[in-house]
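The structures considered in this document are given below.
In what comes next, chain A is part of two complexes: it sits with chain B in the first one and with chain C in the second one.
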Partner chain A sequence: MIEETSVLEAVDLGKRYRRTWGLQDCTLTIPKGRVAALVGPNGSGKSTLLRMAAGLLEPSAGTLRVLGQSPSPGTDHLRERVGYLDQDRPLYKGFRVAEMLRFGELNNPTWNMDVAKDHLARLNIPLRSRVSNLSGGQQAQVALTLCLSKQPELLLLDEPASALDPVAREDLLRLLMRQVADSESSVVLSTHALSDVAAICDYVVVLAHTRVVLSDDTEYIVETHRIISIVDDRDLALPPGITVIHEQHNARGRSLLVRVELPFNDDRWRVDRPTLEEIVLAYLREGSPNRYGHNIDDIENGVR
Partner chain B sequence: MWVVWRQQRSIVIAFALLAVVVSMWALLMGLHEQTLWREYLSPPCKGEFGGLIASNATFCEHLQSSLFNSGKLNNVVISIGLAFAPLFGLILGVNAVAHEIEQKTIRLAWTQSGSRVRWLTNKYLASVVSLVVILAPLCWLFSWWVGASHDAARITQKIFAISGFVEVACGIFCFALAVVIGLFLRRPGWSLAVGIVLFAAIFLGCTTEVLPNLGSPSVAVLQNTQQGKGSSVGFYSSGGVPADSWPLWTGYEPKREKSVPSHSLMNRLTTNMNRCQASETPSLTESYCAKQLGLTHIQLYIPGNQFWTLQFFEGGFYLIAAALLAALSLFAVRKVKQ
Partner chain C sequence: MSQHPSITFRLDPQSGLAPYRQIVDQVRQAVSSGLLEDGDQLPSVRDVVTQITINPNTVHRAYRELEHQGIVEGRAGLGTFVTARSHISTSAAEHASLEQALRDWVINARRTGLDEETISDLMRTALRQEGNVRS
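On to the complex of A and B.
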């Protein structure tokens, strides 16, 4: 197996806001050249992780390395290599679009004005318009343009598509895929839209209650999860090595979403391959991280 | 620098326009008052109207009344002059940091390739240039106006801060103050309010408590003369401090005192004088008590020739304080969370 260089590496990373933790015990590695999705409910720590990676916040615990460097405010060189789009898409509202591009050009040595102008021309956003006169979606596109035209090695995007209409959303996703393909850059984006994750992401990090509960390749995740439909409780003697992630009752019995580390096939139950969305939803529904990793014995004890 | 200028452009233009309006007003008022004073101090009035022939007296009385009416607006000019630079500095400073934090544009700025220290340094450079470009001519004009209006000697507390370059130093200090407050409070409204209160306290403390002690005071002997006319009896003091000086405290010193007495000694001797005068009914005259106690009625003052020394003291204080605040903000900006 070839070892990949990571763009983001966190070990026991934590961020405390006064008395509450915004993120804790976060250990993950996002390989280079991927489009990675951070998925989780509001307050799960997605934005906190991205802001720490962008150097806007300092960790309260653990270590974080972005492109092999610690993203502290002093690491100027790292900021040239990282593009960050905040979830509020802050822009200088009194500036014209052209002035925002000039802002990007003056502040980034790697800036590509042609990329910026092409992107905005494709979206029919006039350069002479004032930012405050643009729609929310257009402002999001300008903010994204600022990010992309910097031509960073790593793009950190906090809910980039949340203000976009379906067409713009589709365009954005395509643009991101092209960006990764053309420039070999990596993308880490947070999102609530599981369809986006399935469409463009090849790496998924699921956060719940400020902790990482799943972090892996999307293909590997799909390969290692199954839905087992159980009609009769007597059939519950699952083989070892299977971790039950989520249990759901329905009219015909119960279904278990399980994680299997080894090839699994058993004629006694109906076994289906779940979609990535189903898997992510199962992790999110379970919520509390201490509920993961329970094996079939726990389920059996609960049943009998 | 362009980015900072673009961000502050509307504020700078607004203050520049205000400066033009204030300047025009001060210029017109100053020219008018200068003409009136020139006429009033020349023959036939020579600064007075009593004892003149009737037609001249009317003319001089009219001049005096015109000067009095013009002088009514002097305090407005002085108030605008005192408030202009601090407000300009504070608003620029609040806009530079607290406003960016509140609008979250700081997240955009701080994730570009330049460092936070460079970002803040650019803010300082651009803002100081804006402040100096607008305030320096205004200071020059106010200094001229102070002379033209004859409202008070330029070294006196009332107009000291608007005559000279202290105004520019105040503006720069207020900018740095607002930047530091903004970094900690992160709210423009609160930062401006706290900045105004803090600066007012510092300015008043500096003007009333510190500055009088920085100059080398001189002593002027006051000659009290009793005058009576009809049933009225009063005193008038002659001698006293030169017209271009800053009068400080009036009190008493021992007759053979050669050095400048301390303020506390003057207070103590004044208490003794008051006690002496009140010791009998009807009260004793001041000259009698002064003779009995061996005291001289004096007034301390700072001579007008110390104007630039005090300007350097006060201006220097604000500039050094601004430099320290700038250093603090450049250190703190690396630690600010977003």
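On to the complex of A and C.
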């Protein structure tokens, strides 16, 4: 068998809900062994993509392969290899934590009870607690623990840390990173917290209005973007290989967030390195069609 | 091994530097300031991800880079150890003299009437230009 180098591969993937599209023209490849972030506003298609990858939704267009297989609903063989955590974090509220673990063990042949107990001990969550008596943060941690204890090759997590206080969120993300360190699982997670993305994600997919506007290695993204500040625009002739992603006007000049394919240095302008957050925000702003009336493909093709 | 980690990392999301680069810089700084010495063990990747919220791949990557620079070496089954502080170009004496020169420069700049912001701006510009030349 050929070894898979990607965990998720989409070609022209789309999902239509009645009359509106939840995701369109999605072509992307997420390499194996990564912690990939899906970022974008609500309704941009993050959950739709994750649900299709988990085999809970059928694509309306294009193809999708997860761990080399097609995850259509009803195919059971991917279930053991993929762990999916819904944003509602479903738990049986009347169960005790220990009962939830037992339930997980009965339903998953690949279950590792030591991992489950180790994670919960680390988080100080007693096994005899009833789920309904746990805080929101603890419930999120239990839900993630159940997902991790299946020891899946690929974790699909829909906003695993949303609505958690800062400490609970740190604990949750460290729990996840520990699992990645120990088991070399790949992760695809959706999030609104760009600061988390910078810290833990080495691959970023930005979605805006049901389309992918950026998808690449985090470090490559950071290395290939700059902010150019121009005092006035008299001598603005950008060298070739520079693509303007987002433009901001000031009283006496402009600042451009650009993509540079080659290292460049120009004394006429002040050149700064943007943070990952600034880059993602620039793509999100430009990806919104009602802002300038064009989309990112036009910018990339130089049509402005 | 002692109870405390030999070095505690921190990530600054505002720095604009890739997290792996920040880890590399922090180890280099710790070695040149004497906080880390020959033979000291770096925390394991597993310990780092327990200590701060970071992707284990990033820590691996930083350790590999440090190994490549000759600052640490991986010993199979044991961990990653600081090898030779001489590899970092500045010895303690050089470090002190550079620091003194910089302090004199700052005093000079203040006398000229530059405020703190302008000074740090100049410093950033110089570093940025040097960084561009390097890459």
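Throughout what follows, the second predicted complex is superposed on the first by the 282 of 304 C-alpha atoms of A that agree within 3 Å, B and C clash if a C-alpha of one lies under 4 Å from a C-alpha of the other, contacts with A are read in each partner's own complex, and residues count from 1 in each chain.
Quick note on the criterion: a contact is a pair of C-beta atoms (placed from the backbone, for glycine too) under 8 Å apart; a residue touches a chain by one contact, two chains touch by 3 or more.
The shown structure was predicted, so the numbers you read here are calculated from the model rather than taken from an experiment.
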item	value
When chain B and chain C are modelled together on chain A, clash or fit	fit
Which superposed partner A:56 touches (first chain B, second chain C, both, neither)	first
Touched partner set for A:90, first chain B, second chain C, both or neither	first
Partner chain in contact with A:79 - chain B first, chain C second, else both or neither	first
Touching partner for A:102 - first (chain B), second (chain C), both, neither	first
First, second, both or neither for A:110, with chain B first and chain C second	first
Which of chain B and chain C A:174 touches, first, second, both or neither	second
Contacts of A:219 with chain B and chain C, given as first, second, both or neither	second
Superposed arrangement (fit on chain A Cα atoms) - minimum chain B/chain C Cα distance in Å	25
Chain C partner contacts - residues on chain A that touch it in the complex	33-35, 170, 173-174, 177-178, 180-182, 195-196, 198-202, 218-219, 222-223, 263, 265, 270-277
Complex contact set, residues of chain B against chain A	2-3, 6-7, 10, 103-116, 334-335, 337-338
Interface residues, chain A side, partner chain B - complex	51, 54-58, 73-74, 76, 79-80, 82-84, 86, 88, 90-95, 99, 102-104, 106-110, 143, 146, 150
Residues of chain C touching chain A in the complex	11, 13-20, 45-46, 49-50, 53-58, 125, 128-129, 132-133, 135
